[in-house]
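Got a structure for you, questions after.
Chain IDs A, B, C, D, E and F follow the sequence of writing; residue 1 opens each chain.
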Amino acid sequence: MTDTPALRHDGRAPDQLREVRFTRNWLDHAEGSVLVEFGRTRVLVAASFTEGVPRWLKGQGKGWVTSEYEMLPRSTNTRSDREARKGKVGGRTHEISRLIGRSLRAVIDTTALGENTIVVDCDVLQADGGTRTASITGAYVALADAIEDARGRGLIRKDAQPLTGSVAAVSVGMIDGRPVLDLDYPEDSTAGTDMNVVMTGEGQFVEVQGTAEGEAFDRAELDGLLDIATAGIAELTKLQQAALAGEARERVL
Amino acid sequence: MTDTPALRHDGRAPDQLREVRFTRNWLDHAEGSVLVEFGRTRVLVAASFTEGVPRWLKGQGKGWVTSEYEMLPRSTNTRSDREARKGKVGGRTHEISRLIGRSLRAVIDTTALGENTIVVDCDVLQADGGTRTASITGAYVALADAIEDARGRGLIRKDAQPLTGSVAAVSVGMIDGRPVLDLDYPEDSTAGTDMNVVMTGEGQFVEVQGTAEGEAFDRAELDGLLDIATAGIAELTKLQQAALAGEARERVL
Amino acid sequence: MTDTPALRHDGRAPDQLREVRFTRNWLDHAEGSVLVEFGRTRVLVAASFTEGVPRWLKGQGKGWVTSEYEMLPRSTNTRSDREARKGKVGGRTHEISRLIGRSLRAVIDTTALGENTIVVDCDVLQADGGTRTASITGAYVALADAIEDARGRGLIRKDAQPLTGSVAAVSVGMIDGRPVLDLDYPEDSTAGTDMNVVMTGEGQFVEVQGTAEGEAFDRAELDGLLDIATAGIAELTKLQQAALAGEARERVL
Amino acid sequence: MTDTPALRHDGRAPDQLREVRFTRNWLDHAEGSVLVEFGRTRVLVAASFTEGVPRWLKGQGKGWVTSEYEMLPRSTNTRSDREARKGKVGGRTHEISRLIGRSLRAVIDTTALGENTIVVDCDVLQADGGTRTASITGAYVALADAIEDARGRGLIRKDAQPLTGSVAAVSVGMIDGRPVLDLDYPEDSTAGTDMNVVMTGEGQFVEVQGTAEGEAFDRAELDGLLDIATAGIAELTKLQQAALAGEARERVL
Amino acid sequence: MTDTPALRHDGRAPDQLREVRFTRNWLDHAEGSVLVEFGRTRVLVAASFTEGVPRWLKGQGKGWVTSEYEMLPRSTNTRSDREARKGKVGGRTHEISRLIGRSLRAVIDTTALGENTIVVDCDVLQADGGTRTASITGAYVALADAIEDARGRGLIRKDAQPLTGSVAAVSVGMIDGRPVLDLDYPEDSTAGTDMNVVMTGEGQFVEVQGTAEGEAFDRAELDGLLDIATAGIAELTKLQQAALAGEARERVL
Amino acid sequence: MTDTPALRHDGRAPDQLREVRFTRNWLDHAEGSVLVEFGRTRVLVAASFTEGVPRWLKGQGKGWVTSEYEMLPRSTNTRSDREARKGKVGGRTHEISRLIGRSLRAVIDTTALGENTIVVDCDVLQADGGTRTASITGAYVALADAIEDARGRGLIRKDAQPLTGSVAAVSVGMIDGRPVLDLDYPEDSTAGTDMNVVMTGEGQFVEVQGTAEGEAFDRAELDGLLDIATAGIAELTKLQQAALAGEARERVL
């Protein structure tokens, strides 16, 4: 009891998520969009549906889902240079864009999508740790809205089910030898091991990416991190479902 | 009377601004920030204050204010490619970034600022016409907040007045032979002449940029456009003052 | 009388152009070309006519006119790095290229041009202020020659009139509180307000770009600048006509 | 018994590595180098030791280890374009370079290294699956040689131990519902789940990166993959030790 | 006699090549490949045969042969930055790539090749002088193998002879006033004149590139250099023939 | 006699230069400049003198001379894209820039130059063959003027002789089996062998670059080409001396 406050600087229990909010249809133009917040981390997600597929996929009757992630220059504590000004996309940006794309494709039946493309843009407006996991979790909501929008406009068949499930993501890490859930920036900076876990709503793994920061970790620690992540994803899945069941533009806790 | 509705598709009077909102301190990290809205146009402005100046300005006892403008890929009706992915910043982006920077420097006493730099990022979250004028108008608010923040932290002298006035901007154009104020995207696409006017709060001109779209325009039309712009800027100046007088994070109409 | 010499370092009257020269067909290959000189500012303009249009314009029966502007590295007092070496085109270069293209298109009937493209290259060989206005003024002459050349080769119809008028440009600025015409580099560096005005031969405005350097300017100053620019453009229009009426390769004052 | 041949096209047992070879000092100039082969996958690793550290690390008494990975254009079945010609480094290349660097730093005591930098280049001469795991496994050998070389030349202290352990990596995946070790390219293309595991010689995890290809995977599958990877790493660790104990330039199985 | 050891640091006679080795089929995927060694200079050459030609050559019934040259970052004494990281290909790299391509095309009958393309990649694994001449000499061997491979697969006609001859290259230079053959890096750094000569197996010149380093050279020196180069090329031609006559993967001196 | 007209389309004798003109001080700002013309080939050369040297040369008491070559987009028969727009400098451009730089450094005593840098820009305004040889030949004149200018301003010592001689260049080629001098574009396109020769005013070779176009060439052809080039360079040397002896801005044949 007495040491929990010491464990997390914001008073959360080790297995407690930050306050998570989805504001659907935050944009007027995008087929699906959501402002997703994990505490102070704030990502604007826009899912753009277009007919047709990239050249390399043409004529196969299949669709494509991809993602691009970027941080605004002042999303962070100190301003970073724009990648457009530097003339190239950084390694971390590429890596996260690819991760989000793979995560979404894990719950997409590309044949049911037909020859259509959905690009999911995740722009981090404010960063306080967990920007990639918030992006994936929000991207699923925007993707679901974009698919419903396309269905409503007859761009995909009424009975087609391009989504084979839901997907969400959360970060976990070791702090003072204990696994904790959903790290914010100060925690992320000090955690001994950092792991991002992407899972379906049915509790299967899509991605597991664990990195030792400083000390390598053993199998028992890995197991503890996976346990706490699994529980966190289950909670996020419920929040996604509630958001999609609610009115768009309404905030859902 | 009867033809006013025909003039503007949203029922505004020719000299009427869209609803303008400033949400100050929208970001937690930036020294000054504002979410500025001109109707459905929505720009996130962050003013980042850092000690020191670029190399070419060192040792002169003067500060520097600059700006970068960019549109999110799905701020528009159809998705555009990211400039970072294309590996270069487009001509229009550069042009607007430079315009915003010049406009802000018109009301800055760089000596009073001391050897400090303020970078003002204007990221267009949603575009519906007037993104550059909304950016300038919001940028002034964020800039004022950043300067107050620096003063509070002792980074600029208590009695220094780096701001010599306020600055705001508005677009005007000719529709069906009449000058109209603050064009939204559908109006901007059809207007015969397009002009962006940047003025100080005292009613002096900082920038006048008029472009004939289609037909060239005569001196009388130019005069009409400048009249309506001058009145619009006066109104925007009052809204800026009200916003800066209010609580941060409160929306001000 | 006595203070005019003090006003301008080269002894010109406030409303006096520098010596303007057009040397037509300076190049052997280009369909239209001119070496245009505004005093010591010297721009080589080449208008290249090609059949066909960019992909986005195909099948509409319309042509396209565009422009590219660049400064040679040693056109200026001190050498600048080549943009090709830096791997990107600078903001100012883009901005001026776009301005020249828009100015030329203001006097082009793209339907009369047919599905043909004219690219007008403006390469500044020597810069002494007013490179963009000299470029536009010379570009009109090269454009007219390229169109005549294409007509002669049967690439546009005999009776088609792709040019709906002429276009010229001049810079104006406030020096010691007085409006002056056609600033050279030393004047441009000290002028309080800097304005570039593009007009048709019939005296209509195509572009008005005024920027306060230092102090903002009031409506009376703006009016004074527009007056002097209008007179200057009328003079440039006559010089263009004389050049086009003369023998190519002959210098025209 | 009977189905093992069916499981792997090259007849290996599920938990069997390909033939692994290290040819140390393959290069004459590099402080440490190795040609590492995992079956037909062949990576040339060069560890370059230089005195001094990047600017951001100066004056802290610490060293730096980083890595760059790249594939030769014809290392693969069909030729790929060079990234240098495309003018940018691809996302996958960046991602793997970063992974190798992090893996090596997990066994480096940067204080013991002193203010020195080691860059480890991993150039894939031939690719047949597992290029990143072969790179990491070979990079440790080259890194160890580079450190010994520096010690011999007095560039690091005699008693300093910059290496806190060894590191190796292997890929595992699910084929026909069974976990298999060290996938070659044909296996990698068909495996249901693909996981790269980086561990220290003491059996601790440094990186765990599992990705569902097609179907998501459950906890039992994850456990099976980690078990087989752990055994494979133990074997690779022994091969690294044998290589480092042997004569340089001698092939070690 | 007594001064020959003084002339060359490795004891070679002035007209003596370094040990030259060709290891054919060093790669499993490429249609033709060779690891070519001129002493410690080691270049991996891969000839990739693909059906079809670049757009600008289509429909003419002709093929295309081109080359790309690059140095691994640690092929040299001190590590160089990767060109891919710098985002552009350096002048020297371009120049040598173009030289190799021209040299190979000098012995290619593009009509006999049919509408096929062969790209020859020359990647320098270790550099000790003469990397471009080793590349050309090895590239001929890989090219011949790629053509034989294509013939065997029926991609070029049985009776077509795309190769009209052989090509090889060698460097020569003036050391202490004497012409010497096949300079290694220490010699190349001190030679007064540096010349690269490319010749056919029949003794005709394809390229002659001589550069004065320091002092300009006279006609007699030029003649002496050409003589020694001609003899060296004749020897390289025999070694190429022997290599192509032998078993692939066998080293040939 | 009768076949000479058939040999060269413009009636020149095989060993005859085109009309060569140097217009010195064509630019007002550059320390040295010349508009050099070889027939219709027209290159604007600017030599920029600056105090100081690149970082890698600092503190050695030596100067640096380098060159950059570029073609204007419409210098050629059909317009080429700007390299600045393409974002990279092409291989041919790099190659020629490097050649010009090496050629000039062959007649520079960098110690006598002191720690100063001269950048020689060669911009091709119109191309009709021989742009690189005209550039080198003109560059020497601009370089000599820049050095005199620096001497006059006391930036190099009165008695220092940074120029150790003169340098000029010419192209030669085989047409119908005969060596011809100073090829124009139509000749260059059909010549069997193309050679560029750079020599000092004293008749020593600085660069010899011969390339077989189509057929390889033999030693006798090479000798014939070198003979004719040597005579041509002697003539160019005289023209350079006459130009430098004359008034600047006066045309010299």
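Here, a residue touches a chain if its C-beta (ideal position, glycine included) is under 8 Å from a C-beta of that chain, and two chains touch if they have at least 3 such contacts.
For reference, the UniProt names are A, B, C, D, E, F = Ribonuclease PH.
Predicted, not measured: the structure shown is a model, and the values here were computed from it.
Q: Which neighbours do subunit A and subunit B have in common?
A: Common neighbours, subunit A/subunit B: none found.
Q: Over half of the contact pairs shared by residue number: find the pair among C-F, B-C or A-B that meets that against E-F.
A: Selected from C-F, B-C or A-B as the counterpart of E-F: B-C.
Q: Mind checking the centre-to-centre distance between subunit B and subunit D? Centres are C-alpha means, answer in whole Å.
A: Computed value for the inter-centroid distance: 52 Å.
Q: Just how far, in Å, is the C-alpha centre of subunit D from the one of subunit C?
A: 60
Q: How many angstrom between the C-alpha centroids of subunit D and subunit A?
A: Spacing between the chain centres: roughly 29 Å.
Q: Please set out, as single numbers or ranges, the residues of subunit F touching at least two other chains.
A: In subunit F, 87-89 touch at least two other chains.
Q: Can the chain contact pattern be summarised as a line, a ring, a star, a complete graph, or none of these (other)?
A: ring
Q: If we trace the ring from subunit C over to subunit F and keep going, which chains do we hit, in order?
A: Counting round from subunit C, the next being subunit F, yields C, F, E, D, A, B.
Q: Going by the contact rule at the top, pick out the subunit D residues touching subunit A in the complex.
A: The touching residues are 88-92, 94-95, 97-98, 102, 106, 195, 199-200, 202-212, 215-219, 222, 226, 230.
Q: State the interface residues of subunit C toward subunit F in the complex, per the touch definition above.
A: Contacts found on subunit C: 27-30, 33, 40, 44, 46, 48, 50, 68, 70, 72-79, 82-89, 93, 119, 121, 123, 125-126, 128.
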